[in-house]
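One structure is given below, represented as structure tokens, and several questions about it will come after.
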Amino acid sequence: MDLTLTTSEQAFRDEIRGWLEQNNPGAAPVAGDDAEFEFRRGWQKTMHEAGFAGLSWPEEYGGRGASMIEQSIFNQELALSRAPMPANVLGLVMGGPVVIAHGDTEQKERYLEPILSGEEIWCQGFSEPDSGSDLASLKTRAVKSNGGWRITGQKVWTTYAHEAKWCMLLARTDPESPKHRGITYFIFDMEADGVEVRPLRQITGEAEFNEIFFEDAYVPDENVVGEVGGGWQVAITTLMFERAGLGAAAAISVSNSLDDLIALIRERGLAEDPMVRDRVARLKMGVEALRLGGMRTLTRTMKAGIPGPEGSLGKWEWASVNQELGELAMDVLGPAAAVDGEEWTYRFLRSRANSIEGGTTEVLKNIVAERVLGLPKLR
Amino acid sequence: MNFDLNDEQRAIKDTARELLASRFKLDKVRELAESGSYDDAIWKEIGGLGWAGIAVPEEHGGQGLGIVELMLLCEEVGYACAPLPLFSSAAAGLVIASAGSDEQRERWLPELSSGQVTAGIPATAPEDDSVMIDADGAAVLAFDRGEGPRLAEPSEVEISGLDLIDRTRRYSQLSGEGGQEIPGEIDWALAAITIAFAGELTGLAQRAMEMAVEYARDREQFGRPIGAYQGVSHACAKMLYDVEEARSLTYYAAWCADAQPESLPLAASMAKARASEAAWDVAAASLQVHGGIAFTWEHDLQFFLKRARVSSGLYGTPRRHRNRVADIAGLGSLEPATA
Amino acid sequence: MDLTLTTSEQAFRDEIRGWLEQNNPGAAPVAGDDAEFEFRRGWQKTMHEAGFAGLSWPEEYGGRGASMIEQSIFNQELALSRAPMPANVLGLVMGGPVVIAHGDTEQKERYLEPILSGEEIWCQGFSEPDSGSDLASLKTRAVKSNGGWRITGQKVWTTYAHEAKWCMLLARTDPESPKHRGITYFIFDMEADGVEVRPLRQITGEAEFNEIFFEDAYVPDENVVGEVGGGWQVAITTLMFERAGLGAAAAISVSNSLDDLIALIRERGLAEDPMVRDRVARLKMGVEALRLGGMRTLTRTMKAGIPGPEGSLGKWEWASVNQELGELAMDVLGPAAAVDGEEWTYRFLRSRANSIEGGTTEVLKNIVAERVLGLPKLR
Amino acid sequence: MNFDLNDEQRAIKDTARELLASRFKLDKVRELAESGSYDDAIWKEIGGLGWAGIAVPEEHGGQGLGIVELMLLCEEVGYACAPLPLFSSAAAGLVIASAGSDEQRERWLPELSSGQVTAGIPATAPEDDSVMIDADGAAVLAFDRGEGPRLAEPSEVEISGLDLIDRTRRYSQLSGEGGQEIPGEIDWALAAITIAFAGELTGLAQRAMEMAVEYARDREQFGRPIGAYQGVSHACAKMLYDVEEARSLTYYAAWCADAQPESLPLAASMAKARASEAAWDVAAASLQVHGGIAFTWEHDLQFFLKRARVSSGLYGTPRRHRNRVADIAGLGSLEPATA
């Protein structure tokens, strides 16, 4: 057990830290979605030019072949510095790794470089209105047609759909097969005909997500990743990369929030309130348990090669800590606090989705019970 | 002993439920919330029924009923999430009726009770930035800026709007000390107001629960309605637990205001603390049962969720009321807590 | 809505209160189970002579035909005065009412009077080691034999079994029928051959309960209550009376405990501790909600004639409040508090069973979800 | 960076698990608990392996390993719920090794490290009635009665037994101020002791969880194993959540004691607060999963439940440690809370 960085890990961290001090563009302007997005595209370009985009991708695909630890150090430093996310985060964390793992040579050549450069943005078309937790019940159809497939259906909760060139799309190619087997994974061109993107406004007032409507939209055979009918396995890989790739940064971000909240509490003269102190201590312990649990998961993942179901605990923990943090912030700010559009109000409202997005807490508890503890599945 | 509504109370509640349901379909609530306004025509109709004066003595143009009846109306306003200046007008009426001078009563109570004018009323102690409810557009304001209770017309003070996340009610902040003193003792009225507000919170919780239960019956995942999973059904059972505790304590407190004043301070604080927590906990749990759909702007649960959160902090935070409960329950007084 | 007592209710309360002031025997001596039990038997005799045993039973069966409200007032006054429970509480609350509801004339003549006088103690033989929440899966067999039945099996969680003359016994008379239909309700003579009672020690150290072992023990046909194979309905009635009859007293008892705890907190100088205050306030609210919820349930029951499923909320609430109360008491007493055998230690440990006995909180949640909220049952 | 045990640590943990499982079958734990005693022969064997001196420098007869290794042994003692004076002897050894005079070290460390004698050690601050662990039967006592740390032989003070609900360990109270001063600074040793104790609590929680999971797999109700109901399976998942948080914080704190002392005060308080709560919450939830059977004297869960409850209040209550966490996290110090 050694929680210090090795000499080379430390050198790597110093490199990143130094580079960030020079290059961190600061918070994105809150000038509406598009301006913010272009700002982040520029930031990704800067990262890419310095060789930090796709850090853990193999060198042959334009990455730096960094270890998981290095990737994790990089993510942490990025979050600690409060730099914005690169624009193409979904391509970097999910799309690219899936193409590397399951794509053919042509796909690797075609898709990987523009992901790194941020030239082509990726989005994810998995969830549907009627298939939330039960993802495999998805209904979007793909019908064979003329060297390709015609897609009809609806996706929701799609981030960046209006900016994206490519969509990681799950569609049902065989309605007769059992529900996990008739699904295929496509790289879908968002510029194709028959696609409509509508912003999906949230209770925060923001439109962070979109709905996508497909009406007989064409995608060629060459855009299938893996086997036709083998999309479920590819999707699982994607979700695994999602949880592993976004987890560490999310943990740092809640830690940053707690620091902000502690400053707010001092500013409001509440530092000596025993109940506030107790809640802050619980949050601090939650944040630390999240950070340390992440390190334990990383160690385990490096040995096993792939992330295990324990990651579900971290996701659950993160949602719980973030929601409690939002509630304490509102209590500290007092009755006139819930001012529409304020930063804390936004964080508070936004946190309510944390226990739903990326796996509801109920589903995560099922995973923990069945796959970690070995309890029987409910049939 | 009979802990149930009598026929008249039942009729008041049922009528209010029905009328509010027809006037405030959720599309209407949405429309008003998005424009941040009230519907004057609906207020004219409902105000004209004398709801705001339900607990005001008949000699002042009210209906001469009690806090139980007012609380029931507020519960239904909460259930409907209705953008309506009922609570504020009724609350100002209670203050004036119980503590105003004869002149103040004559000047304001008949018009307030018959809904011809509306009133604004503070929802926080002066040290908490004085959040006012419905001051904007009111004919008269009852407030206390730390120098004792006063009554003023809007032109005599300064009002600045406050855009809270709850858009189904109008909030503002007040400055200035205009108007005239309210001479009487307002403790009873403040307790009664708090209880009426707890009624509103109970109604919000009830509706948020019903929305969750209905969704859990209909929505299928993995081949079953989600309400068949204990992860969901037990969460719904906990909602009922919360709602029923809030209702028991709120109804009891309202009855104390009418019939057993010696129990009022404890009862009012218990009601407000419990109903505040119930409204927020149930609304948040309802969102979780709904999943992503209720996180969208197009879903109506948000109105209940946001009103519950904002309302829970008004008329004393739950923690402040619990501090008072501890005092009365035998632990003695302690400087009120702040968060 | 009127929470005050009517003139006649008030007169009744004053009568009870006056009588209790004169006759309350005070706490039972803690001189071991038997001495305590005899003390309570004497107390029941006193109650019976004054006409207060079986208060709500019809006058023709030796009761006073009191209304539910009067019975409730009596239970409350009894609990408020901290008088002990009458010895034959199970006969009074469950056995007698079931005989009145389902028994035949001979049974009413035979069993009711000795219940009231405390001469014949009753116990309840429902639960079995393998059938806890799933009561209807019980396995104790009754085999037809010579004008009666031979019982073989095991019961558990039986209070007063070692003092009892009669046991309300559920046994399976028809193993071929569906599980709810093959069950019969017997009044079993605990002095019969083939019965063995063993005390069941709990984690508190006390042996409040017993196990009963039946080995080919005989019970005549005339001791069947209701129809052969109709025992499940009789059992349901029993449980309904149990929850309604014991609920009010239990609520007062937790209220008494809170008063004791508040005194303890003051004594320990913790009355100004904000976190202690907050927990006390929550308990006070819980206790009051329990009291008021009980009044609401009583009002509803009087209108409907029988208790509804809402009573499950009260049981759940009671367990939850009582457990939190025990935890606060231990925290107030501090690290050296958990002294074996002390009153607060006992209450604390004992409270852990509150969420299990008489319906686990999980089962109560199911009842609330299915029967009050109308959610679908899990099949 | 490697947040996992190294091979040696893994071997220590596995060996301890195996040895304790064979020596302390639950029947044995029960027998010792009911008689309120330890088994001298088992202690002779385990003490002889040098466990008590695992973190004592080799020059004093110890194994020269760290707090991580000691914490792992304590975790296994908790997992086995073993009645064994290991923790107390190791704790006294840490105090003497890090703060004792040369003479005190020479006098006590070799015998303590090799298990030839045992030691008693306080588990509460002097103002909390000075609960001592294992003072009864010890060769030496390390304590602090508010006048600084001291070392005494039992004949030099007065010891009175304390019958707590946890019968798997010997508790007592101390009076008198005999013996001699311990000259050095004991902050590090106290933090290290607290962490070792958090390890024990983590082990208790782990075992109580495993018992619940095993029962939930086997026990059937309504035609299914109860572990197939989310009411049970989600409760078990929450146990893992608690156990893993406790373990992360405790392992981290142990590592800080060995390698990163500047993080030690915060880490030790977080570990103890979290592990205390986890142990009690998991044990109580495990009882609920078991139902009535685990409420009987004949069931073994009671030993874990009672030891968890008593231990959670020793070496600082969770609330006191959280108050310290708030301080170090940036809110500044405040008089420690009392309940």
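Here the chain labels run A, B, C and D in written order, and each chain numbers its own residues starting at 1.
Just so we're on the same page, contacts are C-beta pairs under 8 Å (C-beta built on N, C-alpha and C of every residue); 3 or more make two chains touch, one makes a residue touch a chain.
This is a predicted model, so every value here is computed, not measured.
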By Cα centroid distance, the chain farthest from chain B is D
More Cb-Cb contact pairs, comparing B-C against C-D, go to B-C
Dist(centroid_CA(chain A), centroid_CA(chain D)) in Å evaluates to 40
Between chain B and chain D, the Cα-mean centres are separated in Å by 51
Where chain B touches two or more other chains simultaneously, the residues are 229-232, 234, 319, 337
Multi-partner residues in chain C (2 or more other chains touched) are 273-276, 278, 362, 365-366, 378
Residue set of chain B touching chain C in the complex reads 1-6, 9, 68, 213, 216-217, 224-225, 227-230, 232-234, 236-238, 240-241, 244-245, 248-249, 251-252, 255, 259-260, 270, 273-274, 319, 321-327, 329-332, 334, 337
Chain C residues touching chain D in their complex are 127, 129, 131-134, 137, 156-157, 200-203, 205, 268, 270, 273, 275-276, 328, 330-332, 334-341, 345, 349, 352-353, 355-357, 360-362, 365-366, 378
Note: in the complex, chain D contacts chain B through residues 229-231, 234
Given the complex, residues on chain D that touch chain C span 123-124, 128-129, 131, 162-167, 173, 221-222, 229, 231-232, 284, 287-288, 291-299, 302, 305-306, 309-310, 313-314, 317, 319, 337-339
In the complex, the residues of chain C that touch chain B are 1-6, 9, 69, 258-259, 262-263, 265-266, 271-272, 274, 276-278, 280-282, 284-286, 288-289, 292-293, 295-296, 298-300, 303, 310, 313, 316-317, 362, 364-366, 368-370, 372-379
